[in-house]
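Provided herewith is a single structure, encoded as structure tokens, for subsequent inquiry.
Letters are used for the chains, namely A, B and C, taken in the order the chains are written, and counting of residues starts over at 1 for each.
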Amino acid sequence: MGLPPLSTAQLDNLTTSNLSPSQLFETLSHYESEACLATAGPGSTDPHMLSSFYSSFFIVHLLTDQVPEARALTQRMPETLRSQDPSLQNCMTLLRALWQTQHAQVYRILRDSPWPETLQPLVRRYESFFQDKTLIAVSSSYEAIRPAVAAMYLGLDEQAAEKGDPSIIQKFTAVGWTWDAEAELLLPKPIPTAATDSQSSNRIHEAMGMLGGRGS
Amino acid sequence: MDTTLPDAFAPPQSSSSAAQGNEVPEDTANVNGAAPFVKVDDPPKFDLESYIANYTGRTRFDRLYLIGTCSTLLSTDALKVAVAEAKSGKDVGRYEKAVRALSEVAPNEPDAKLDLAWVKDTQRRVRAEGDRLELELRGYKNNLIKESIRMGNEELGTHYHQTGDSVSASKAYSRMRDYCTTPNHIASMLFKLINVAVERGEWLSVQSNVHRLRNAQSKPEDQAKNQPKISAALGLAQMHSGSFLEAANSFLLTDPSLGDTYNETITPNDIAVYGGLCALASMDRVELQRRVLENNSFRNFLELEPHIRRAITFFCNSKFRLCLDILDAYRADYLLDLHLQRHVSALYSHIRTKSIEQYLVPFSRVTLESMATVFAPEVVGGEARPTSATSPFVQELIRLIKDGVLDARIDLEKGVLVSNETDLRTEVQQNTLESLRSFNEKAHMRILRTSVLHAGLEVRSHDRKEGPPLAKGLAGRLSRGAGILG
Amino acid sequence: MTVSLAELTAASARLHNHTDLSDELYDDRIRDLVAYFRHLLSTDALSTFARDDFLLDNFDPSADSVAFLFILRSQIQKAKERTSENLPGDVWPTGKLWIRAVHFLKNFDRVQARYVGQEWRQLVELAGRAAQAASKPLLGARLVRDAMLRLDPSCAVFTSTHLLLVRLCLRARTYACALPVLDRHICYFPALVGRADSKAAQPLLCSEQESSLAFMGDASGLSSKLSSKDYLQYFLCGGMIYMALKQWRKALHFLGIVVSMPIAGSLSMIMVEAYKKWILVGLLEKGKLCPPPSLTSPHAAKMYQSLTRPYITLAQAFERDDVGRLKAEVNAAEHVWSTDNNTGLVAQVMNAFYKHTVIRLGKTFAALTMADLAEQALPWPTTEEDAESIIASLVMSSDLGARLLHSQKRTSSTMLRLSAVSHLPRLSHEMEMQVQLRNEGRSLKTLMSNLEQSNHQLGLSDEYIDNAQKNQLWAGSGEIPASEQVGLDMDEDIMGDLH
């Protein structure tokens, strides 16, 4: 409540703020109604502002790990905007790459596509979010991995990695992986993720007790 | 009348093992025709003459004919003996069948030509004999002498049986029932019925008559005398129905006093072979040791077929390769056995699967290499990668795992078979979560349902409350939306 | 008769500072106020204010909910009469009355609203209609959802507004928006209330209620009259929202509810629709043909069998691990899928098939190379790289419990080690488990308190017994009411292609 009206300036404030992804999502969700209304009057609204709203909102969906809903967002944004706005076109290619889990492509789009200046902070945020997420997944999905493939997953220089570039190898050893120079393989180590809840471990008994007590 | 085993149990035929090139899938449409369903090219270990000498009665012809039509090596010899065997009796159908078969394998043999004079003569004698017996029986009936009627029917049954009319034979034998005055009479009648049923391959009928025999009020000493034959006949029927464990039990219970008393159906050697194979196919090592090898009475049978005893001993000592080798060596013999032929591949594949299973018991992991040397030595020699996913042996293991026979997984990286061990803690956690979830879902469903019933909101046929139909026309718009990305 | 602004504000002000009042007194005052406004409405006394655009500025919807709602209502009514349109322009989004309605629905007082249930609901419905009329269902979706949650945070009593919400969300394609309502278990229907313990002391509407059932009964007007079709459609649409978000398990639960509802007479087509989707979603979630829930009546189960043949044969081909047959079934019944708006789901089933084949491999193999895997599980010719990237994404998304091993210097194919159990580091895995267990436990507790509540309701009612007996007698006439069109196709999953 009491949000200032949707404007380019307000969007800039939000995208450069330190708000958590879920806070950003909440706020932008509130603005979607305004954006939706803004598209009603032809010519009356600044298409630049709308593009910047929908692009930001899209990236925030990704930042909160809501890929199917991000896709729904692309389907409910104004057709003309989606098909003409370069920044939203980037969003679409990005979505496609994510859906098909093409990591190299995702990094390429995030880095090399002409994102507007105002969107850069969010794009950078998502890039590092995606990188971290992938690193965690690779760490527990591979027992041994060629440096070039690891570099591909994390958007690092594949060719340099292939040659065993120490600066790249060092990035991996820094997160606990081991470098087997002889085999030219990286040996990942699972990265424990912080659980959102860490209470005592009597849950099973408790749960079983509940089931037993109530019966069915 | 034709007597080549129509099988009342319709035996499993998918079991014809692909590994064995000399078996041709059985042609069910033509069970009683001249065409043999199995071709055996390997030489059997037995000597035809002494083999057939073990048997008496009509089974001799059936066995000779089967060998003659299935074995490429023995066909002429066996069929010549079969022709002679038929000609010594009065079953014209059999004689013609044997001559026909012989003329196909050895057209130049003098016996391959029908002796039309004999045929005519025999047919005439058979008819006359039959008429005479029917007439006599009618006379007995008029005189109302029970014993005579019973014997009249018996003679008539025997006549029909010997001339190949087994349907009339079993009718005649069944008619004896009302004239039986002692338990002995009943027992002898039932045995005759069993013999006809065995010959016709009516195994359900064998089982039901065995059941009647057991319930017959015979004297204990007669009971004891009949027991071996009853067990043997029952075992045979159970084997044919594919119940190998039950069959093994029946054969194991057969008393050695059986001796040569039942040679018109089964010999002590057969008991040893049938019983041994059925036991191997259905029991684990401990049971085999305790119930077969340490069984004093069955030992008498096993001594007649020492290789069966050896095979079982090897199995018990986990020397599976040696066990399977023995069985392989005798495969040709068993394929030429009247009763075993159609079960050889099922029995062998059971035994093989069990060997693999038992082989794995003591290990949590075994190399595929060492398994292959035991179970697929021919593969180990030949293939470049005997333990690759495509090798027949690994394919066999995959099949066994998928069928749930083996509780293990194949590790193609290390070339081992790993038995499944579960991480108990994780499993308990996962199960708890799952049961909690599904409990919640079910509880919610029940609560909702109760509320629906209570609110009187069950689904009715005439719910006429109209809401705007949802999403008419919307569907199309939504369903193709994805194309925009394409 | 006329009335002045001062009189109106003074009347409404009697509800301010209610924290100082006893529940009884507060209840009295609200009831008085409602009666007062109803009277004003019926005597047309508010008509003088009909065109006063600023009148409502004098009222705060969070403190003067009753007054605000009635005045707004009268203005809307007048606008309708003036324009002789059902949805006057002022009510359309961005119209002045729309803005007032939004302001009210975002800020109303949840206790006062209980006394004006019918007016509250009609305003919500109007907002929903206006949003749709303007082709901006999105505006309605969020508004309706927030209003519902504001009125009853538990959302445990089914109302006609529930159905309105899911329809708006489906139309607007704003799926996540519906989750705060969908994720709460519905346990009651308004008709449950008042029957059982009408004699017993009714708690005051304004007092703190243990269960929202106390103020959401039939008499409250918070729901329009319900039929079975309403809740069937709600759960079907809700299931479709979960499908759009790929929350298959929850979708399956919702569909299961529809499929297993008690029937008195013949089956509803909505249930048949739901059963078709149930089969497909079952394949996606569990990789097998799920039998209907155990509560399904045998009659219904039989009807499903005969009415959903192509779906069942499809599921059987899936279960039998037979790609060729599966493809053939998919192609053979193409018109069925598209008539039923299930083309998208079927396409996803096809992809899930490969996933489940690979997962099933884990039961046979502890480790194998990509080359072996491609041969065993992937039917189309695949390069090892492609196979590896498919498998890697299954592993990285935790769909497949396994780990990959690259070999030294590309000398041989990549190895896949399939773990029998989850391979995550124990610590974080257990923590995750604990969180999930706790969530389920919490949900169980809520359900249990609801169960006690409904036991309480039932225990007092003989009607339940009658009803239960009556329902033993359902005999299907076999007639299916036609043309109950419910259907939105789930999007074809063209982007998720494995190929």
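As a working rule, a contact is a pair of C-beta atoms (placed from the backbone, for glycine too) under 8 Å apart; a residue touches a chain by one contact, two chains touch by 3 or more.
Source: prediction; values computed, not measured.
Chemist: By C-alpha centroid distance to the whole-protein centroid, which chain wins?
Modeler: The chain sitting closest to the overall C-alpha centre is C.
Chemist: Max contacts between which two chains?
Modeler: Counting C-beta pairs in contact per chain pair, the top pair is B-C.
Chemist: Quick one: which chain's Cα centre is the longest way from chain A's?
Modeler: Ranked by distance of C-alpha centres from chain A, the top chain is B.
Chemist: State, to the nearest whole Å, the distance from the C-alpha centre of chain B to the C-alpha centre of chain C.
Modeler: Once rounded, the distance between the two centres reads 59 Å.
Chemist: Using mean C-alpha positions as chain centres, tell me how far chain A is from chain C in Å, no decimals.
Modeler: 27
Chemist: Averaged over CA atoms, how far is the centre of chain A from the centre of chain B? Could you give it in whole Å?
Modeler: 65
Chemist: Mind pulling the chain A residues that touch 2 or more other chains?
Modeler: Residue numbers touching two or more other chains: 75, 95-96, 204, 207, 210.
Chemist: At least two partner chains per residue is the criterion; list those residues in chain C.
Modeler: In chain C, residues 173, 405, 417, 430, 433, 437, 440-441, 444, 448, 491, 495 touch at least two other chains, as defined above.
Chemist: Please set out, as single numbers or ranges, the residues of chain B touching at least two other chains.
Modeler: 429, 432-433, 436, 439, 442-443, 481, 485
Chemist: Which positions of chain C touch chain A when the two form their complex?
Modeler: 93-94, 106, 134, 136, 138-139, 142-143, 172-177, 244-246, 389, 392-393, 395-397, 402-410, 417, 423-425, 427-428, 430-435, 437-438, 440-441, 444-445, 448, 491, 495-497
Chemist: Would you pull the chain C residues touching chain B in the complex into a rising list?
Modeler: Residue positions touching the partner: 163, 167, 170-171, 173, 185-192, 225-233, 237, 249, 253, 256-257, 260-268, 271, 293-295, 341, 343-344, 362-369, 372, 375-376, 405, 415, 417-418, 420-422, 429-430, 433, 436-437, 440-441, 443-444, 447-448, 450-451, 454, 457-458, 461, 463-464, 467-468, 471, 474, 477, 479, 481, 483-495.
Chemist: Which stretch or stretches of chain A touch chain C in the complex?
Modeler: Against chain C, chain A makes touches at 1, 29, 32-33, 36-37, 40, 66, 68-69, 71-72, 75-76, 95-96, 99-101, 134, 137-138, 140-146, 149, 183-185, 190, 192-193, 195-199, 201, 203-204, 206-207, 210, 214.
Chemist: Name, in rising order, each residue of chain B that touches chain C in their complex.
Modeler: 388-390, 398, 401-402, 409-414, 416, 418, 420-423, 426-427, 429-430, 432-433, 436-437, 439-463, 465, 467, 469-472, 474-475, 478-483, 485-486
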